[in-house]
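Same chain, two partners: subunit A is paired with subunit B first, then with subunit C.
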Partner chain A sequence: MSTTTKAVDMQIPLGAQHISLLEPVKFTFTTQNEKIVDVGSDVGFVHRGVEHACSSKFEFKQVGFVVARICGLCAITHSMCYTAGVEKLLDAQVTQKAKYLRTLLIELDRIHSHMLCLSHTCENAGFEAMFMSLMGDREPVMGLQEAITGNRVQFDYITIGGVTREFDAQTAQKIIQVLGQTQKKIEGYIEEFQNNWSLSKKFEGIGALSPEGAYEYNAIGPLARACGLQVDVRNGLDYLPYKEVGFTTITQTGGDIHARNMVRLYEILNSIKMCRNIVEGLPEGEIQTKVRGKPQGEVITRLEAPRGELMYYLKGENKKVLDRVRIKTPTFATIPAMIEIFKGQDYADAPAILASFDPCLSCTAK
Partner chain B sequence: MFKLKNFRKRSLWILHYNAGSCNGCDIEILACLGPTYDLERFGVLNRGNPKQSDMLLITGPVTYRSRERVVELFTQMPEPKVVVAVGSCTCTGGVFSGMYNVEDGVDKYIPVDVYIPGCAATPEYIIDGVLKGLELLEHKSKEIVKPKKLFKKLSFHKDHIDRRGIAGKVGENDGKD
Partner chain C sequence: MEKIKLEFDRIHAEIGKFYDKKTWHFMTLNGVALDENTLEVQWLFAKYESGEIVALYTVVDYGQTLPDISDIIPSAVISQREMVDMFGINVQSSEKGLYLDGDSKDHPLRKERS
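Coming up: the complex of A and B.
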């Protein structure tokens, strides 16, 4: 009997429907004895044609609510990024209070999105109890969003000229209380993620990306910050008061799943701190200002979504309907880096690595 | 006496597929399975396998590329089965209706038993809808349910129905699809 085994390329599909996937995406892994040597990806299953509808069917006042339906997880960042662009075109002035409330909701959204990603990573690593625990601790944050905006997922909170609602003193008290509880929980999770054998040891060194690789393959968001790159759009934003509310860039070294988890956990802590500063130091004033006119000209706006940099290009010709709405989403930009990370890893780790990217395919395909 | 019907009532397995939704309803389904809403207390488990599932939870307005998959998953599920459409866009197309790559609503392709409205559908609604579907499941028979479009033909392998051959591909039949 011959003992030599010949390396045979084997194709394993993951998707379009798979238990570890929330959304349809198809990866075709070419493997040699469990090791992944090549990856092909197909992300277009959820393409709906939002960009075209935004520049033909809907008026510019409605588009903010349509682009929110691109993605349920980062709906608020989509509508914020669009609204900021239109406000620049219309030369609209937004009150300081509205800016603070917008920042509050974006950061609450980031907290719940990161917690969902962490719980999903745990589930795909086989740690069901941690998944349940994180999902349970995420619910109070969802409750806060419901208390402030009236809806749990699709808020429709940001409109051109301001925001739709404000909260009373009782809700403010509740926000502070829930944020305090969540902070304690997250500190516990940081301890757990660093020291628990089945989490830290399982994730360390898996799915690693070097800083040079991250730079070369255009990694953004938590993926790049886990490699030590200082990439965060929130640093240089002029339309949201991030500097005043205590924003700091979180970076880690290592670039593996563990580092990505730690970036997300520390970012949650930073977001909690910012939310608390906003609620305690909320300026007085109106929440909505009247905006007149129609958009004229071109503009590019950027915003840090939970998964990385989101970019909008808008072009208006002094009509009710915009000429062009171009959306560049974070997951689309990270696909080359994802494919690079997959190469050389075990196939058994593929779902966990995929979950650690926190991919958002409905953003990608639009 | 051994009655499969009674057991099925207490251990409903669901299959979840996203046919182009915005993720909003999907994360609410995930929240339902979490500890706060805890759909599992009714014996409901999320299994990614169509061949073992009793209920298809479907979200999204059905994009052109996902329609074959929707029909394929539907036909792979053994009868009796229930289809629950979660979210406004799944029921009617919602905000996406009329976009060039979207079919307005999942009921153009497969028969739907329960419609859950809302953008995004709240976990309370989803729980109500799933339990309504569970009631309907008791009255369903084992007769083969055909999808409304993309149905090829019933093919038999020995004396069993070969479920691989039931679902058609777009443009395969007669150009009507």
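Coming up: the complex of A and C.
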């Protein structure tokens, strides 16, 4: 007598609240045995109507502070991207010193955001000790943000025309010291992520996207760069001095979880280098220039947030309140690519794959 | 930003002709309410190499149905669903319910609401 096993489709939800998720998102996986064959997503649990609020309740001078509250992790990139758009509409000139200080905060933000993502990757690999170690090493970077801006997160540092504060020589010394310590730690983590079985071999080939797939699904940020695509908005940006401070596009070729981890680790090193160059070569001058007028016309600005391209579309009609504020966040744009990557993977790898996207649902459902 | 106007009945064909996935990065679909009855719909692209931005756009009445372009650009699916929710416009093959409830009568970004 022989028995045959028949593959049966089974639906397994992940989220909206799940032990491996930090934010509310729901993926419904259709599986055959252990393989994921189809994926449904629901990302709208925390929609807050920010676009509507910014074009109805708040004046354009206030909107920079509103959009900073879209996300705790990349608040600075939201306020920068919005402010750059308004400054273009108002034809405002910003001093080189203010541009350097803005870049410094954006890159410090990227360092701690990438460290958070990497720590969750460790947690998903069952490597609790390294999760805690990375979170601990992230703290001094948060401390630098507090020393410069007065706040660890959601610092309203960027304003139309410049920034709100500069720092003294003692703080500059502290920044250089913390950056040096963080660099040593990251070099150690690179060694671990390359050679520790739990973090390297385990993730090689898992959750992979091909370069062709990256183009097909318009992948951005570390997800695209892990596939070898030279996609980084910091290349050729005209309103921040990335070329002057030593920006390099970091890419890998595997397209898998491991490659995404390595992109983030090497990007942290590049951000540290840029921050050091900024502090050591900070130009003289004012940090704020007066800007007059009301926004007129339409503009698109883009910025490389830790998770990829952030885009703002603004339309003003010479009024205090903007006619339209459109915000395209990196995670929102990446969801179709995520769904494609999940297909064909083992269900058991789904939480680790999801963490490797570094999803931000606060941004997605702005 | 360069803007190129599309005729309503040529939207799918013109986007298909314009879009080369290795040249253009599709950023998102954008809607700008012009008045209580009409909406400017923009398909926003950035050139990989230079960062040059192009908006393909058309002006529609809320009663019209936009074509689904996800066969040309698969990642457009999610922003098409967002348009359906936020502006209450119809897009082929796109259902309401990304951010709002599926049976919601609201369309938050229309002029009449603000």
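Brief remarks follow.
We adopt the following convention: the second predicted complex is superposed on the first by the 364 of 366 C-alpha atoms of A that agree within 3 Å, B and C clash if a C-alpha of one lies under 4 Å from a C-alpha of the other, contacts with A are read in each partner's own complex, and residues count from 1 in each chain.
Just so we're on the same page, contacts are C-beta pairs under 8 Å (C-beta built on N, C-alpha and C of every residue); 3 or more make two chains touch, one makes a residue touch a chain.
Just so it is clear, the model here is predicted, and its values are computed rather than measured.
Applying the stated clash criterion after superposition on subunit A shows that subunit B and subunit C can sit side by side. In the superposition on chain A, contact is made by A:D323 with subunit C only, not with subunit B. Using the contact criterion defined above for the overlaid structures, shared-chain residue A:G44 touches subunit B and also reaches subunit C. With both structures placed on the common chain, the touch criterion links A:I257 to neither subunit B nor subunit C. In the superposition on chain A, no contact is made by A:A350 with either subunit B or subunit C. Of the two partner chains placed by superposition, A:I36 touches none, neither subunit B nor subunit C. By the touch criterion defined above, A:E309 lies against subunit C but remains apart from subunit B after alignment on the C-alpha atoms of chain A.
Touch criterion met: A:V66 reaches subunit B, while subunit C stays clear of it. Residue contacts after overlaying the shared chain place A:V86 against neither subunit B nor subunit C. Looking at the shared chain after the overlay, A:H52 reaches both subunit B and subunit C. Here subunit B and subunit C sit at a least CA-CA distance of 8 Å once the structures share a frame through chain A. Residue overlap on subunit A between the subunit B contacts of one complex and the subunit C contacts of the other covers 44, 47, 49, 52. Those residues of subunit C lying in contact with subunit A across their complex are 1, 21-22, 25-28, 30-33, 42, 44, 46, 48, 50-51, 53, 55, 73-75, 77-79, 82, 86, 97-100, 108-109, 113-114.
Residues of subunit A that touch subunit C in their complex: 43-44, 47, 49, 51-52, 55-56, 215-218, 220, 230-231, 233, 235-237, 298-300, 302, 309, 311, 313, 315, 323-324, 326, 328, 332-333, 335-337, 340, 365. Of all residues in subunit A, only 16-20, 22-24, 44-50, 52-53, 57, 65-66, 69-73, 75, 116, 132-133, 135-136, 138-139, 142, 151-154, 360, 362 touch subunit B in the complex they form. Residues of subunit B touching subunit A in their complex: 17-28, 30-31, 33-36, 46-49, 60-61, 63, 65-66, 69, 73, 89, 95-96, 98-102, 119-120, 122-123.
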